[in-house]
Each structure stands twice: as C-alpha cells, then as structure tokens.
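Structures incoming, each one as structure tokens.
Paired with chain B in one complex and with chain C in the other, chain A is shared by the two complexes that follow.
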Partner chain A sequence: MTEYEHYEAVVVGAGPGGAAAAAALAKQGIETLVLERGADAGAKNVSGGLIYAEEWAPYTIDDLFPGFREAAAERPVEEYYIHNIAGENVKTFDLDRIHHRGTEWCDAVLRRRMDSWLAERVHEMTRETGGGLLTDVRVNGLLREGGTIVGVTCDELDPIEADVVIAADGVNSELARDAGLMDWDDPDDWFQGVKAVVDMEPEVIDERFDVRPETGSAHLFSGDLFDGVRGGGFLYTNEDSLSIGTVFHLDSLADERAEPHELLDSLLTHPLLDQWLQGEYEEREYAAKLVPDSKRVAHPSPHRGRLLLVGDAAGQMQAQGPIIKGMNHAVTAGGLAAEAVAEAQTRGNVRAAGALYEQKLEDEGVMKRLRPRRYRATRFVSESRPVNRLGRTLVNSRLGAAGLKLFDGLLERSFNSPFVLGMIPDTKMTYVTIPERVGEVLGDPVDGESRVEPPELDDRIGDLTYDVDDPHIEVLDDSFEASGTAVTACPVSAEGFGGGCYREETVQTNGEAERKVSLDTQPCVECGTCAVVADTHWEHPSGGKGVQFEQG
Partner chain B sequence: MVAIDPTEHEISELGPEVNGIDDAAELREMLSLEASGEDRAPVKTLIESRIETLEAGGEDDPESVDLTELTIADIANMVRDIDDGDLLRDILEREREGKERKGAISQIESRIESVEGSDDDGTELEYEPPEKKYPDLDHPTADKQYVEGVSGESYRDMWVYCETQQGRLIDVSKEMLGRARELMDAYNADNAVADDTASYGGDEGGNTEEVVAVLIGDDVAGLAEEAIAYGADRVVYHDDDRLARFRHKPYTELFCHMCRDWSQEWRDYHEPRYNIFPATNNGRDLSALVQGELDSGLASDCSDLYIGAAMISNPAKTGKPGDSVEFERVLHMPRPDFSGFEYSTILCIDKPFRDFHPQGASVIPGTFEVPEPGDREGEVVEHDIDLPEDWFQVEVVDHDQLEDGVDLTGHEVVVAMGRGIDRVDPTEGIELGLELTDQFEDAGFGLSRGVITASYEFGSHVEGYITEERQIGESGQVVEPDLYIAAGISGAVQHKVGMDESDTIVAINTDPEADIRGFSDYFIEGDLFEVLPRFIEALEEGTFERAIAEVSSD
Partner chain C sequence: MHMVTLTKGVPDFREGKVSFDEDGHLERGKTPTVMNPNDKVALQAALQTKVKHGGHVSLLSMGPPGYKEVLQEGMADVYADDLCLLSDREMGAADTWATAMTIATGIEMLDEEPDIIFAGFKTADGETGHTGPQTNWCIDINDELTDRPLITHVISLDIDEDTNTVRAKRLVEGDVSEIETIETDLPAFIVTDPEFEANYRRAEHRLRYKDLREQTQERAAALDLDEDVTVWDHEALNLDPDFIGLDGSPTIVSGVDPIPKGPSEREARVVTPDDEDGMEAVFEELNAFAAGD
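Entry: the complex of A and B
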C-alpha cells in the first residue's frame, strides 16, 4: 500500500472552471484540494476578455461567487458591434440582439485580477472542508495504480491520491492528454488568439466610446485586414484599459505562414481604430493562447475513471462567428462536475461521477451549444471546396452585390440569429469574403488615419515577466519541414527574428546546407501553438516558473 | 537620511534590519519612503510595529519612574523585564510609600520571588534515573556513560573546527576563529569590553579559557600557524593520508577523542564548554555527529553568536517550578527561521542531574568578517594516536572536482558574440571573437543566449566555448567591464540587463535599427566578419581607438 496524502477531490487549475468546481464541491462539504501552477492564480491565464452569465445556465460565476461583478470584473458590456472591413471601407452591424439573447449579463474581465480574486474565495471555502488552494504546484500527470487513475503526480509535491480528479488545467491540459482524451494533432481543431492590453484612462474610455462610467462596449472586426487568414478581431473596454486582440484558425494561420503579432498590428493600426486610440498607444501586456474549437473537439464524454475534464481542458469553448463564449461554459461544467461528484458520493460510488457529469452536460444544454447539430449537418456541404468557390464567385459578382444591398437589413438580422450562426462554416468565405464584400458594397470609408505604432516583438517580449527555468519544450524533429511552421505561427517568434522561441537556421552539414529550427523557451508564453504545428515534446514549466501575466 | 531605503529590499531582508534601528525618526522616514514607493502592507506593518515598540519602551526608567503615574498593568509589564532583586525591592518600597495598591505590590513580590527563588526551599530535588521512573519504556541510552550523571563536571574553552579544502583554510574557518577570539577575549576580561558579550574574568576559578582550533586532514600541520594568526590560542591537529577527504566516522571519532577522551596536561576538563562548526556541507554532518556523540545539543545554521546570562523559568531546567534562575556563560545562538522572516535564539542549558555541554553551534559561512591575521603566539599540539582500521570501512573510490565555471565578471574587456555569426559561418564567427579576445591582456569571451540555444553545428575546436556559462544577460552573467564589444547582438532587453553598466560599449551590427544602438557608445554598422578582422589588425598595431573612430557610425 502506498501512503500518499489523500483528498476526496483534487482540482487541477484555478481558472474559472476549477474555481467553480472547487466552490461547488466545498459547498457540498467535500474535502477539496486545488493545485495551481501559477505563482498566483491568473498568472498563467489569458482570455479575450468577456465572461457571460447565461439565463439557461444552472451555474453562473456570480451565483457561486457573490460579489464577483463588483470585485473581480471590469466593465459590463452594454453595446456590441461587428465591423465588416474592406480596405478603408467599413460596414458596422449592431449585434445587440444576439449578444443579449438569453444573456443575464456580460462583463469584460482581465484574468490576473479575476482569477486571483476567485482563488482567495476558493481557498477560504475549501479550507473549511479540510483542503485548500496551493499555488506554485504543477501537476504533471496522473497517478495510477494497476492502470487505474487514483490521483495526480506533481513536480513539487509527493503524489496525491483522490477519489476524483477534476482537471481544469486549461487548453493545454496535460492530464487530458495523459488520459488519452485530448490530443494536439490537428491544427483544424484550434484557434490561436493574441491580445494586447492597452492603457486608457477611465474618463477617456467614457468619452471615446460614448459609454457611461461603469459601462462598456464590445467590438468585433472581420474582413480583409488579416491577409486572408481566417479569423477576426475584438476590442473590449476594461475599467482603465482596452483588450484588443485577434483570433485565427490555427490551420489557416499555419498554412498562410502568417505572423500573429503582425496580424494584431494590422488591426491596431487600422484607421477604424483611430476614433478610439487617437494616436495614443501604451501597451501594458502582450499575450497569447490557444482556443479549442468546441464544434470539433468539445469532448462528448470528458471523463475517464476518476478523472473529469472541465473547461478548455475538455474543449469547452464556443466560437461561432461573433459568439465567443468559453469561461461561462467552464463555470457551468465545473458546477456540474461538482454536482456529479456529490451525487456519486451519496450513491456510495464515486466512480460513477464521470458518467453523471456527462449526462448533466447533455441534459443541461451545455453540449448542444458547444457542438450544435446544425453545424455537423451542414459543414460537409459548406466547407467543401467547389461550394465555396461558387459562393465566392457569387458574392463577388455584381449580382451578389445587388443581393447584399437588397438584403442589408436581413444580413444584419442573420448575424443576430443563433440558428444561422450555428451553421456558419469555417471557411474563408464566412470570415473574409462575405465581410469584405459587405464592407466593400455597403460600407462607408472611414475618415481617420492611424497614428499608432505598436511595439516591436522584442519589446513586447522584453516587457513580459518571466521566471526562467530549464526548457519545458523539446523539439523532437528540428528539420524545417517538421517544425518550421512554428517560426511564424508562434506568437513570440518571427521569420528573421533571433530573439524569439523558434528561429530558422541554415546549418552546414558535410557540405550540405540544411534548414533547421532551434528553440529557446525563454520568451515562451505557453500558448501551446508549437505543440500542434511542430514536432515537440510539450510540457508546462514547473510551478511558479515561466511567464507571469500581470493582466491576462 | 536613512541608512536603508526599504523600497530597495525584499521584505525578508528587512526584518532584522528594521529591528536593529533604534531611531524612531529614521523609521518614520523609511515608512514614508515605502508608502510613496513600493507601498507593501507587510513592510509598513513591520516598520510601524518597530516604531511602536521603541516608543512604548524606553521612556520609563524603572529606577526613577513615578509609580503613581503607572497603572497596575504598566507596573506588571515593567517588572517582568527586571531581573535585579534589589531594584525590584526598591520599586516595592516606592509603591508602598506611594499609592500602596495591593495588585501592584503582589505583582512586584511575585517577580522578586521568581527572580530570587522562594524562601521555603526545604525540599531538595532527588535524582531518579529514567529507567526507574518509567520502567515500561525502552532506554536505549541507559548504558551510555555520558548521558546521565555528569552534573558537576568541568567544562572549558571554545573549540573551533577549522575546515580545509585543497590544503587551505576555507574562509568560514577564519571567520569563526575571529569571532571566537572576540568572544573569549571578552569572556576572559574583568570588565565589559564588548557590547554583546559578557565578561567573566575567565572561568569560575578566574583562569582564562582558550580558543582551541581543530585541524583534521592530510598534511594540515602547516596550517596551524595560520589558525593561530586568525585567533586560536592552541591548535590540535591530526594528519593522516587516509584523512585527505572528509569521512564521517574517523573525523567524528577524532574530534570527540581530542576534546573528551584525550588526556593532556592542558586539557584537564571533561568536555569543551563551547563547540563551533561551519555550516558547510561537511561541517553540518560533522557538527551533528560530534554533538550527538558528546550527548549535547546543536543549534545549526546560526547567524550570530554571543555569550551572556539568561533568566530561565522553565522548571525542567531550573528544577524549581515557579522560580526563575539566572544561568551564566550561556552561548546565545540566533538562527533564522522561515527563510529569515523570524529569528530564534537557541540556548543549550544544563538541567538538574544532566549537563548539556558542549554548547554547540554551526555557523553560516559569511556571518562574520574574515579578520585580519595578527602576529599572535599559540601552542600547536599534534594528536597522534593510531587510527583503527574499522574507522575506514567506507572507502572513497572516486571523486570529482567540479569546475569553477567561467567567470566573465572582473575582466577589463568582454567580447560578446550574437546570432550575427551565422551571416557567414558560426564557427568562423566564434573564431574571430576568440581571436579578438586574445588581443587584450585581460578579456573574457561571452555569448548571447540566442547563440547558445541555436542549432548551429560548430567545429569541434570552438564547440567547447558554446556553453551556458558564457551567457551574458538576464538568465546568465551580469558584467560591467571597461570595454564591452558586442558583435552581431541586437540588444534585446534580456541581454541589455547583463551588460549596460559597462563603461564603454562598442556594438557591431548590420541593422542600423538594432536596439543595441540606443545604449552603445560606439555603433558600427557593418558585418562582424568584416569589422572584427579590422579590429584585430588595428589592435596588433595597438591603435584600437583609432580603428573604432574610423569605422564608427555614431
């Protein structure tokens, strides 16, 4: 018999999913230990920045953490727009209806502030049960006994046994991969987001966005400002800063050999943004993360033995056109996982927790939002090549232009329909062609000229805080063919830039010039992109090591 | 002006510093610096509580204070810190003449009783061996002759274990000798000569006590004079070629034999009074083993040492419940706890029927200054006994000397190469850098992180130079030479922090926009493969400054 420390539940990761699970477990009196690898909860966490409370959801963040909105969130979003961009022409649609549909509230958040606030509450709550929250601890795998999962292993502590393990360890969940539930194989399954948090005085935000103090707005951007890479941009107002970012399909980013930081810059420097930035640009933080495409990878059965996956770790991130929702699903899933654990415990069979959790995700309507059937039904047609070519030709034709004009109002309505959005195919046509054409045909030229100069990549890296440890990523095949995509796709690397993670090098071997890539993990922001696009052995750094986001 | 700006220190460093400051005004200034700077709540609390302590204490001199102005609680607090029976009786008298409060009088009387012992001292403690007292327990030390019944033995001298490495005294050995010298000089003096250490005029009989240095090793006799110069009165050494490396068994046996079992005219006591060891890897091992064998205690990793009296009320030590007893000649051994947030002072005190001597400590290297060696006289004694074979059952079959590593600091010139070396051929780039380094009398050769983490395949003759220990920058070394030559380095902030304190920075880069231009004194726009050969040539002719002037674009 081993003599490891034992808890009724171990929650890995103190983001919104882990915090919700731990809080709900603690409310049931279940002895819960939360392990967080950041030096502070939130130090490792990045998101675009909107958290929703949905009317249908059985758990919302302010149910579980009263006072959340006042203490941990930025501004509530009261206005929601999408801008379709074609060169200097822009057509703006008001997405108010889709935004408010079924939504109780929606707040902008910065993750360092939010997650560290949550973690304090979680620690108080879980301590009552005989557990607590520990930071600086990286869980590096599952503890097994005779092939059965019985707990977790850590870099910093002895193995810990648990009746159940709730893995809320994020998009690059090492536990989900250890259990064989998720992989990093296909770039099609992922989005990559990069974000800049930009300084702006509260009064200036009120004035330039025409919002009342304590309220804010959200703007989405699509069209031709991203060199044909599939994806879009966003801008959210925080209390005294802006979150401006871009999100792209990773396969498209990889194929086009696009540089994520340059795509972000092309948004930042678009004249449309001049009305808000007005030539002033002070970047607080540059950050990046992978985002799972729930339509493809939300795991229908996110559990194995005593392991339950929650949030990004289970691919529970809904991104359908302008609907981008992740944290709310993680909170709901965390609450449901805790419920399942409590019920299973009451039944005297904790092993049943996983199956109960799966059932609850289905019954409570989480799965149907994450993996809409309409998408599955239509994607084979709409994502096929000939259909797209036909569509593109049509949209670009004069006839198409007339149609667009005719259907101006209808178009805005269809952007506001969850039914249509659920069908949106992930093709260039939806992300680029239609918005571009909308902007071109319907849009008016923006007056304004960009006067901002975003920082260079080396300065962005230089401004981040790191506690550098031994390399946590190993390149298994350093040939350019196998791993060269990382040079461009990695948000802190770029072609011809020697200070990034991945660098292309030409090596003379036996008189033959060979293209290789080398890796320096010092500037790594732990997004996981290279785990997908390059041939690597990818792990997180040890507890407290690596990058530390101050904003997140 | 404040001696310490709190905003420049970590909180863990500030604890002891702040508590050493006695000037409230200075503390207030520090408080406002902190408030306008880092504004860390725990730091402010620390400073505030020190101010409070200073202002609460100090103003009432118990000899003259007007008792009528104090509450009973004030008096109780005041007398708790007084160990002088006469002073207490004086206070008692004043209270009786003044307000004559019952509560105050009983507080003072009870303090007098606890300081001086109760009057009804009729019952003598009687020794009952633990085997008899607790017959049901195991008594593994029952047959150890030194554990019990050593009360009343004699203890003298301060013994210092002097560790050596590579045939030399290591610094901490000198530091300990210096401190031992100060402590025993004060101890042997009739009147106080040091603030922190009591004077006794020698031992209980008035004879001076010594600092005894212990040297164990192979060919250490030659270090005896040096040990004396640093403070020892007497050096006991044991040489044996089998002792060249530290080995637990023989070193422990030897030390114990020297200080306890070895009958010598000068060593006519039972055991040393004090034993001091270095808190090094070997010193920690040895200190624990020796103090265990001598059946005493050990305060490990101490950060100070001083000798003085201590009032003890613990009945396990005093044998008289309720009374305080003053113990003299106690070695005070402060040590950091909780990573330096707190300090504990460890005392090793005899109890009835059981002595705890030698009072032992290991000392963190660097705690005390290395003293100036003096022109001193001392005795050197060889400890020459036959060492039994069974002390050497553990055999050292192999050992390795870790290399010192590359130290790039302290050079006049540092030549550093960056990823610009791949413009032609990385190996050639390194060769050029090394050649340039050789042109200076005192130059170090460094690299940017980008070179070390690259996939370049270097020729075998330069490969040995491509190591992390040559890295300059945030995760490498920080250098500030007179001249720093950065070739093919763009100057990212991670590199900058490792070199921008250099007096003169010369940068060579093909990119006129490279960041390094912003903090270079001379920027040469060009390929290092063209510029470095010109440098080398110029240096061979001895005209480096002119060469820079010619090619510099800034």
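Entry: the complex of A and C
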C-alpha cells in the first residue's frame, strides 16, 4: 500500500472563493493543492455577473490578482437602473447612488473567461509552493480517520491528506453536506438563477446603450412580468455580448409551478427590451444555477475540524434586494480563510484555523452584511416598517396618478437606500406589488414592440456542450408528490416536453393510474434545483464530465 | 530511466486532409504527412514513465528529412526530450526488415542504453505491425547480451524501480475481452495498443505531467529543425548500403489490389411525395415500426 499524498492545504473548487483562498495561501508560502472538477476552471460556473470591489472589504479580486480587470473582466458598470414594470408601463429609477455607494469598482464578467484566467495565475502561484491546480478532478468526500477530517477523497485520484481543507466548491457543496454543515432541504433557502448570453457587436452596444466604448450599464427588472413569481431580471453589458437573466426565490418558483425558461422569455420578449435588441437575437448560451440566500443560510460557524467553508459553499451570497453579491464575498472569505490558516500555522496549531476564520468573518464585517440583524427583525415585524408602509400607501392610495407622482423622488431615494434594501422582506409586496404599482401609476408606456423570438428549450439544450457520463442524480422517490416539482422547476425540463431531464409519466398499477416522474440526466446543467425540490440522491458528475459552459 | 519511442510519418488520413486520385490511389504529394497516431499512444506511455520515475524520452524515426516535422509534432502534442532522425537516400524504400535493422542500429548509437523502447501498434499506412517486434529482434542479434522481453498490445503499465521490473496489462490476441498481466525485468520492449491509457492517480503526478506538457510545448515551438534534431545517415550509423533501404529489403510486393467498394447492405427506392402509391407503400413499411413490431 502506497502512502497517501499530503499537502499543507487542499482547496476544493476554482471559482472566485477557491482562487482567492489559494492565491492568499500561496502568498504565505503554504503548500497548496487546488482541485477543480471542470475540464477547465469556469466550465461549470454561472453568474449574472457583476463582480464588486467594495471599499470595506479586506480582500478584493484585483488586490489578489493584479491586472484582473484588464485581462479577465468585461465592461465596468457605470450606469445602473431598475425598471418597474406593469404591463407595458415602465417606471425607471436610477440606482446610481446605491450602486456606487461604498463601491470601489464593479465589472461585468463571464465566468468561463474569468475563472480560467484566475486558474492560470493560481496554478503559477501555488506551483511555487509545491502544490498546483488540477482540473478534471472531482472531490467526492472527506477523508476521515477515526471520525476526524484529515483530507479529501476524489473520483480520479487516490485519497489526499491535508492539514486544512478549504471547501470553495460552490452552491450544493458536497463537502459542506458531508460535514453536516449544510443541508439541501428547504426551497426557502435558495434562489434559482437562469441566464442567456446574447451576441452583440461592441459598437452596437455602445450605441444602443448609449455608453462610452469599453464602459457598460446594468439594468434590473421587476414587476408583473413574471406571473407573480418573486424575483427579478437583469441585463448587463459585456464586451461583445449581453448577459440577460432572472433570479427567483426557489420556493416561489416551485409553488407557482413556473417554468424558468418561460420566465426568462417573458423578460426577453418584453417591449422594453426592444430598444436594445431591436429584433436581433442570437443566443450564445443558456445556463442556470442555484444561489444561496445568505440571509437564511450564511453559516455562522462555517468550519468543522480541519474543514473551512468559503463562498457559496458556506451560503455567503448576499441578495441586497435586487443587487446580488456573491463573488465578492467569496473572494473576501477566501482571503480571510487563508489568513486564518497562516496564523494558525504560525502558532503551531493548524486546527485553530476554523475558529480564527469565524472570528475574522465577524470582525471584518462580513457576517453582518450577509445576515443583517435588522433583516432578521423585519421578517417578523415587517408591518410597521417603512417599505411596507410605502407599499400600502401606493397600493391603497386614492390620490390617483397625479397625487402619487409626488412620491416619485421619495421612491427613487428609497430604492437607493441600503438600509431599506437590506431589510426588504422577501414578500410578494416588495418584489411584485410595489414595482407593479410604481410602473402602473408613475410609469409611461414603452413604445417598442418585441420582435424577438427566443429559442425553444430543445434548441437551448442542443446548443450546449456535454460530455455525458453515468447519471449523477438518482430519484429516490419517483412519486409525483415527492418529485413532481422538478418537472417545472428544472430549467431544462418542462411540462409536456420530452427532451428535458424530468418528465411526468402515468403508470398503471393494479388498474390504477399513478403519476410518476422519470429522470434523464443527459441534458442536466447541474443547477442543483432538483437536489432541493425533489427527493433525490444528488451528486456532481465526475471530473470533466457533464455540461461545459463556454460563457458562464 | 531512458525511454526511446519509435515513430513514423504517415499520410494524414483525416477527412479534408487526405487526397486520392481518380483511381482511388493515395496522392502522397497532396496529402500532408503527420505522426502515426498510434505512435502518440506509445509516446504517452513513455511520458507516463517519465512523470512517475523521471528520466529521459528520445523520439526516434527513420525517414526523409521532412520527418523532422513529424518528430516536432510528437514533441508538441505529447512529449520528447530529444529528437533523432535516421535519414539518407540509401535508406529509402525499405521494408520492415531493413527499417528494423536501421532503427536498431540507431538505438545502439544513442548515448545511453534505453531501459524501455516503446513502439505504437502498426502504422496507419503500412498496417503490418512488424517494425516494432523486428526492431527488438535486430537489437537482440546485434547485442546478444541484452535479452529484451517484448510485450505487445499493452493497455496499462506500472514500473517498480526497486526491483527494476515492469508490470503490464495486455490484450491477449488484441482482443479487448481477454486481458493478461505480465511482469518482466527491464530493459524491455513495449508495443502499446491503441486502447492504452495513461493513468495518473496521484496529484503530484498530474502536476508533473502539466509541467512537462508545458515545457515540451515551449520547446517544440522554439525548435530549430536544422539545429535541434540529431540526424544520422548510413555512414554515421556505419551501415552497409546493401543491407538497408530498398537493397536490403527482402520483401517483394507482387502487386497492390485496390480494395473494392463493399456492396451496400441496404436497398433504397426513391419515392417522391407526389407519388401517392409510393407514399402509401412507405407508410405500410413504417407501420410495422410504429407499432413497435
């Protein structure tokens, strides 16, 4: 029997969290091995994505990776709007103040490009420590010795021992689950993000969005265009493409039995978007992924023994109203985890790293952003809070449109208040009712008309690249009651559509018709939804297998 | 550990590259020459050995000067520390015997005696599969001291440095369903099967592999074909022209029969959509399938 390999630190996952942790560890001279399951870093990842560098943050991506913005990011966001939609009526607010508040800079990114660039730097840095970065390796569990975590086990490699394991393996972290730190039970804890990357020439972007070359804008959408499902839409400008997508509360999506791809299409075909798309629509890629809601699941103590959780794996994904911040927090947490490991090592007690990390998350103000106290309060006493008062005024007002216009300025200010945004309760009132009422009363009709025809679901699937392996998801209970929600909630399945992952079937048993679901994982985009809304045994595919995003 | 891998240039038979004349004969002049794909598999085996045990990989070929690019391709796409080409007019038109004789002599000229010689399973053009084994045989007659075991159809490979042995899994009779494991002393001669797969279960090996791949690509890109490839002619090898090339080739090719096109197994009848009776018949035919019979 050959001995297991040993590294001082093993980092699982090469997203922003893992990349930051590994870079910071390497800077401290700690021997670091990074394991990434994608055939290329970024091949598995999806974000909106605006990456923020916030002034308060002890680590930002360009601190750790000089040259990041020039080499790996798309356009910097200089303008930021939210559109409140009621039918064809739209009221637009400028979110400039909240966007720039405390923000050093903010760039749009495409994850394949970003993560693969980061991974190259990380490999160079970690290689000098005696470690390095490997792709095509899926970590499938924690290596334990007498109940203590001592390393990781992988599909492709023999077990590896480590003084510390940093799990930066993203949402649906198999390591966090294995350690008993996270479960995947409650749809309330998650959002589902769906996104299309759309071709557009750089000059056309400059002109249609009225931005200077190489700068960009961001647009958010809320109101009545999503059939009452709680959530919203976004549109960000890249160098030569647009990222257009939606983010919904998973519980709402599940309850309404909404079809994610149709909700995306509702946004794409809204006449408001015609000013930018002008009837031209060439979709490069369709993608989806779950997003944790830090307000509910950011783990207050994200470590166990030698294991430290970073980023989405620890639920560190902040939805500030419509503004989504996950990548920046993953970077900060990665930096802090590395710092904790280095300090613990210096003190000669690596096992103290977890507690030190927890302390740093608290001291540096990460936790208070991820789980604001006042949010915890508003969940119960929301009635008396300004947002809802505002909502009620709007909804019940008998002042008529002319009177309500007086609220215009006030509303725009409210939307720009981090205080208000931070405590927005996740109710239909804030996501749908207020924006709808704002659009209806204060908005003007848009004069565009949509001439866009988004691709059908089977074309979207057909355009994706897959390296198909054995099924990585198993349905444990195939009754419709237990797993039927996946038929609609899975972003590549739909009722009455035979080419997706989940299908409803009627089976005759003893003369009785029973509703069942069947699963074909071939078109799976590994979003994680059915791990939560259906009764499944859910794992990621082996290294390099499954879907490969080119954009992300 | 010193590894020598043997290779040969072959016409690029891929769609869009290969060119045939009207009679179905290969047009060599119009078809680019590439490294024999099976030899890349052999080179992967050499690289795996280097990754795990260190050492030195030489890539060796016999052929016209243009084969330098074939060697460069092997260096870029897989790995090589150095490249060696046995080349002059006297070696031309050799059969497998004369080739083996020449290559065996080339191998003996190398600074260091190889611990393992790797060859790929038959070339894409000649398809004889003889050159590798015959080379081994020639080395054995040239140097009676080394009795180099020959293992063919190798699909995986492990080396034990302490006992200086190699353990190989091979397909018996080239049949995928029957695999045997062979253990033998080094030095050895190994012919890889196209099914060979390099196997790296340790992170340190994958990292080393990544390093070596990076280095070899850089070296191949910067390669000066005139300076960096060792070329030996028959004089350098001290070989009598009568025993090499066409003159040294006992094989007589009596003639080449073009392979006739196989008859299509399916019958087809063309039916236009306006032909009602025809369409009727089509539906008749399909009915059986639609009903699941």
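The rule is short, and it goes like this: the second predicted complex is superposed on the first by the 530 of 552 C-alpha atoms of A that agree within 3 Å, B and C clash if a C-alpha of one lies under 4 Å from a C-alpha of the other, contacts with A are read in each partner's own complex, and residues count from 1 in each chain.
We take it that a residue touches a chain if its C-beta (ideal position, glycine included) is under 8 Å from a C-beta of that chain, and two chains touch if they have at least 3 such contacts.
Here the structure is a predicted model, which means the values were calculated and not measured.
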* Asked: Which term applies to chain B and chain C once both are placed on chain A by superposition, clash or fit?
  -> clash
* Asked: Which partner does A:G132 contact after superposing on A: first (chain B), second (chain C), both, neither?
  -> second
* Can A:E88 be said to touch chain B (first), chain C (second), both, or neither? -> neither
* Structure fact -> Between chain B and chain C, the one with more contact residues on chain A is chain B
* Asked: Between chain B (first) and chain C (second), which does A:D458 come into contact with in this model arrangement: first, second, both, or neither?
  -> first
* Does chain B (first) or chain C (second) touch A:E5, or do both, or does neither? -> second
* **chain B versus chain C as contact partner of A:D240, first or second or both or neither** => neither
* Asked: Now for A:E104: first (chain B), second (chain C), both, or neither, which partner does it touch?
  -> neither
* Asked: If you stack the two complexes on chain A, which partner ends up touching A:G499: first (chain B), second (chain C), both, or neither?
  -> first
* Asked: After superposition on the shared chain, which partner residues are touched by A:L33: those of chain B (first), chain C (second), both, or neither?
  -> second
* **Single chain B stretch clashing with chain C - from 111-119, 219-227, 345-353 or 453-461** => 345-353
* Where on chain C is chain A touching in the complex? -> 201-204, 206-207, 210-211
* Structure fact -> Note: in the complex, chain A contacts chain C through residues 5, 7, 33, 35, 123, 127, 131-132, 134, 137, 156-158, 160
* To do: Report the residues of chain B in contact with chain A in the complex, numbered from low to high.
  => 418-419, 422, 425, 449-450, 453-457, 474-475, 490, 492-494, 515
* Asked: Considering the complex alone, what residue numbers of chain A touch chain B?
  -> 458-459, 461-463, 468, 478, 498-499, 503, 505-509, 516-520, 522
